[in-house]
Amino acid sequence: MGLVPGLIKGLGVTGGTMLRTIFPDGWKKPIPNPVKGAETVQYPHEKEAPPARARGVIALHEENCTACMLCARECPDWCIYIEGHKEKAPPRRAGGKPRKVNAIDRFDIDFALCMFCGICVDVCPFDALFWSPEYEFSEPRIADLLHDKSRLSEWMETVPEFEPYEAGSEAKVKKVPAT
Amino acid sequence: MPDTDLARNELVARFAAHLGDGLLESHVEPDVDVWLRVSRESWREAAEFAKNGLGFAYFSFLSGIDWMPSPFGREMDSQIDIALGNDEASKIDQTIVQGIAGGETRFQAFARVNDIVNGLGITLKVDLPDDDLSVDSWVPVYPGANWHEREAWEMYGFSFNDHPGLRALYLPSDFEGHPLRKDYPLLARRMKPWPGIVDVEQMPGEDDNEDGASSE
Amino acid sequence: MSASLNILGELSYWQQTGIRVGAGLAAVLLIAGTLVYLHLFKLVSFMQSRLGPMEAGPFGSLQLLAEVGKFLQKEDIFPRKADRFVFAAAPFVVLMSTFLLVVVVPGGPDAWFIDTELGIYLAMAVSSVSVIGILMAGWGSASKYSMLGGLRATGQLIAYELPLILAVIGVVIQAGTMNMQGIVFAQAEGSIFGWGGIGNPYILTQGVAFLIFMVAMQAELTQAPFDMPIAESELVSGYMTEYSGMRFLLFFIGEFATAGVFSAIAAVLFLGGWSVPGIDPNDNIMNVLGPVVMLVKIVGLTFVVFWARFTFPRFREDQLQRLAWKVLIPLALANIVVTGILKVAF
Amino acid sequence: MERAVSDAALSNREQLSYIAAQAADARVNVELETEGMTLNIGPQHPATHGTLRIIAKLDGEQVVAVDPVMGYMHRGYEKLAEVRTYPQVTTLINRIDWVGSFANEVPFILTAERLMEVEAPPRAQWIRTILFEMSRIANITLFLGDMGLQVGAVTPAFFAFRDREHVLNLIESATGGRFHPNFDRIGGIKDDLPAGWITETRRVMKKMRKYCDEIEILVEGNEIFQARTRGIGVIPANIGLSYGLSGANIRGSGVDWDVRRDNPCGMVHNETDWKVWTHPDGDSFARFWVRLQETRESTRIIDQLLDNIPSGPIMAKVPRIIKVPAGEAYVETENPLGVMGYYVISKGELVPYRVKIRSASFNNISITPWLLKGVYVPDIITILASLYFILGDIDR
């Protein structure tokens, strides 16, 4: 009942994959080198770099933040906690009246609750929040997942430059403020 | 695509012819969709006519709507919306305004069936008076409605006459209350204070309270 | 096992049995260990374009040690309503049948455990002991999944016992003896139409019997095309579901040891056992070289077995039974008839 | 019965043998009265994609009645959607069918766009269609590998995960999230494609076609697989329609219906020439076969779309704070699992008033009590695997 061809071809596929894994360079150089042939990335030793836009962790550029609370309000998981105060800032023009400016005392993001949706980064009118593709910030204690203001600013260095766009796109490439 | 508003108007006409005064109201959005509101008695008859008479063989879904605005408001920026029970609760207007194809009661059941051959879909609505939230079950016509009706029974409290087995679908069998009703509180949002409240304290010695970002 | 005859002669009886038992243990566990590492850890991974265990030891070689260690320190859980004695004894019965099987396999002219005239007959009789063990496990675990798995295993093993034995009869007719050494020598000295270059490995003349033997062996091991008893997508893991700790390890070792021993028997029956075409079988060197040749042949055969295991989906048990009764058994009977006629004719 | 027996044509001998046979049957029925067994498959079980529990009453290995129990994954999205603004709801709903999750956002965004009478610019619709088809590939390739696993072959599942990784990396490099892209906005999409994305996509599409060929040989061409799936779980077209089956489940029974072609909305599938695949048999093999052809078809759709992406803006003129005008709308699209639609009722506020989520797997699984009657235990798993549901899609 045509039992043989399908089964044999099936064996051929798995056998072929095995040979391709053991001899990645084909028959020209039959040196068994499975590490190169297999798709496995041996994590602690080799690390696969995530793409530039990967949403790994949120970085805070403190100077831009004016504690307008938009991100805390728009966050679906309610995991951004901000406390600020008003203070006098040096006037822009020499001799002008000192400006009243909001400064933030506390800016915490609780990554235990955060679902990495990116609404806060989109909704921030002053470009204070950026995505960095870092993903290795797991903690033994869940309470440590609450990153405070300083920890979020540390992530700023890991924020990559915005990539140029594909041909035919009219969006302009944004700049990451130098920290 | 045939000129659908013709096709859709013709649909409504045939429904009106078949159901007589069973068809209470209808609304056609040309080239987009058609809604029909039928009386409670002719709910199953409308289904049979749609399936056998007009060739709407595909059962899409069946569910309920609760038209009373939620007494808890949106719980988003809780400075405006007030928890049920204190005096400001009355500020949220509780007037019931039905949607397309009207309606008189707070609860409505609605279902959607498709005619795959020429790509038409109709939404049928029915009013369920508060004192007797029951309607004929669609299971004899569309067996697929079985689970949808169990879900509506569980979430809204509608009961469906001669449904093979109305029992809990998602919720544990000893669950009281009907969660999708608007007056059923969403507990997740009541435990935690809302972090969006703006608490930027004023400058020391400053007493003008006009600044501070408005919460809207 | 590889000591030459005279050393064995001087030892007293209990010392001899000590050596034989030690050699038997080594033969079963070493083969199982190499098979697990080579096939289950490495072959599978390469077939699925991945590396398999690489952390424990160079190229993951000590992974098996780690697994044994893990299983030994795991708690031995007995289901509450389980029949304690039957549940506890089941893995030992399954393993016992494997050890009894290996007794029959010769490793060289003098390197054998026992050399009886019964030979393959004893092996086939003993191989059905594992069915009792599996049924004990299935019934003893007092869980629906295990019982289903156990019943399926019983039906399957009994159904595939028959083609296994009928295939062996073809070989026995051609070799003229049931003694395993006899079969090996027959293949070593035999000749195909007068040309004795590579002897007469019965895979050539008994090709049909070889195929039937391999298919029936796959079913005896409850492996992939026939792994209904351990259908992990339905019965979680069939009769082994409730086992944990050391008992599960015994089942796991049993599974691979049986695979090794069955392919050893297949090597003896069809690939000329420990004999190598070039060397004279009675030469003393074969006592050392024999086991190595056997190991190579075993690994070769199990490669095919595991290759099929990791490629094919599984039969439903009624299709499985139909294949056994309607296809394999008539084929095996036909093979016996043909061999008989040819044997008489030549 | 008596009248037929006394018919003159029956000779005396036939009458006697007939009566004897009846007596024998009666005796046998009495002896064989075995007490049935209730088997619990799930909620924690390898064959259910997530936590679906099936209570099967068995008579030996044959199923007498089946009663699926759900709700272990019920998150109550319809209630949550009533207190979330529109951008927040999109982050919520791409967790319904978490395997092809960009495809969940699209129908909701299209419903909101229809209510707001906003049209996404062509480039945005193009990219939205490409990502929609890519999430279909990511979803169905997992099924192709997993169907082999359910039927017993271990290797296809690993091929599936190996090749699916490239598609997920592509989705991540464009949207930022592998599983939850959250990339669709009302009136367009969040960002444009990074440079080099198109050439990389073409390479990956070639690799996916090679994967489909491998699966075709390894699983579909395999006689054991065919023996296990042909003629198993046959769904006639009319019963499938009345249960509301959709996607490859209904196309497997010969119904030529695909929402992408029949009533397209907001996406540009019809700019490319592609074919809707159907199979007459309606058994598990047919559903598997249809999904395999659909995956190849999706790679071809993406190749054609990549050739002529128009340049231009990716976002229409939409106010920052979105207040959808009052009204009701229902848009459905051809998601990887079947037809998914959102019936959104809005009263002109920031938050939708009521969102009815019509998910495909809910209807696809509601046919199992009818379909699994009198089936063997291993066939329960084959049929469930061929219906291909994702638990989040059932429980919402």
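The letters A, B, C and D name the chains in turn, as written, and every chain counts its residues from 1.
Convention: contacts are C-beta pairs under 8 Å (C-beta built on N, C-alpha and C of every residue); 3 or more make two chains touch, one makes a residue touch a chain.
On a predicted model such as this, the values are computed, not experimentally measured, just so you know.
Peer 1: Give the chain pair, either B-D or A-B, that is connected by more C-beta contacts.
Peer 2: When the contacts at A-B and B-D are counted, B-D has more.
Peer 1: Which chain's C-alpha centroid is most distant from that of chain B?
Peer 2: Following the centroid criterion, the farthest chain would be C.
Peer 1: Would you kindly tell me how far, in whole Å, the mean C-alpha position of chain B lies from that of chain A?
Peer 2: 39
Peer 1: Roughly how far is chain B from chain D, centre to centre by C-alpha average, rounded to an integer in Å?
Peer 2: Centre separation, chain B to chain D: 25 Å.
Peer 1: Based only on mean CA positions, could you tell me how far chain A sits from chain D in angstrom?
Peer 2: Once rounded, the distance between the two centres reads 31 Å.
Peer 1: Express in whole angstrom the distance between the two chain centres, defined as the mean CA positions of chain B and chain C.
Peer 2: Result: the chain centres lie 65 Å from each other.
Peer 1: Residue numbers in chain C touching 2 or more other chains?
Peer 2: Residue numbers touching two or more other chains: 47-50, 310-312.
Peer 1: Which parts of chain A, given as residue numbers and ranges, touch two or more other chains?
Peer 2: Each of 7, 10, 13-14, 17, 39 in chain A touches at least two other chains.
Peer 1: Return the residues of chain D touching two or more other chains; collapse runs of consecutive numbers into ranges.
Peer 2: Within chain D, the residues that touch at least two other chains are 85, 155, 159, 162, 218, 222, 224.
Peer 1: Could you run through all the chain pairs that touch each other?
Peer 2: So the chains that touch one another pair up as A-B, A-C, A-D, B-D, C-D.
Peer 1: Could you list, by residue number, the parts of chain B that touch chain A in their complex?
Peer 2: Residue list for chain B touching chain A: 76-77, 192, 194-203, 206, 211, 213, 215.
Peer 1: Spell out the residues on chain D that touch chain C in their complex, using ranges where they run on.
Peer 2: So the residues of chain D touching chain C come out as 37, 39-41, 45-47, 61, 148-155, 158-159, 162, 218-219, 222, 224-225, 227-228, 376-381, 385.
Peer 1: For chain D, which residues count as touching chain B in their complex?
Peer 2: Touching chain B: residues 70-71, 74, 76, 78-80, 82-83, 85, 114, 238-239, 241-244, 255, 257, 262-263, 327-330, 332, 339, 341, 343, 345, 347, 349-351, 354, 356, 358, 362-363, 366-367, 370, 395 of chain D.
Peer 1: Considering the complex alone, what residue numbers of chain D touch chain A?
Peer 2: Interface residues on the chain D side: 84-85, 87-88, 91-92, 123, 155, 159, 162, 165, 169, 172-177, 180, 182, 190-198, 214, 217-218, 221-224, 226, 309-314.
Peer 1: Name, in rising order, each residue of chain A that touches chain D in their complex.
Peer 2: Against chain D, the touching part of chain A is residues 1-3, 5-7, 9-10, 12-14, 17, 39, 50-55, 74, 76, 115-119, 122-123, 131, 163-171.
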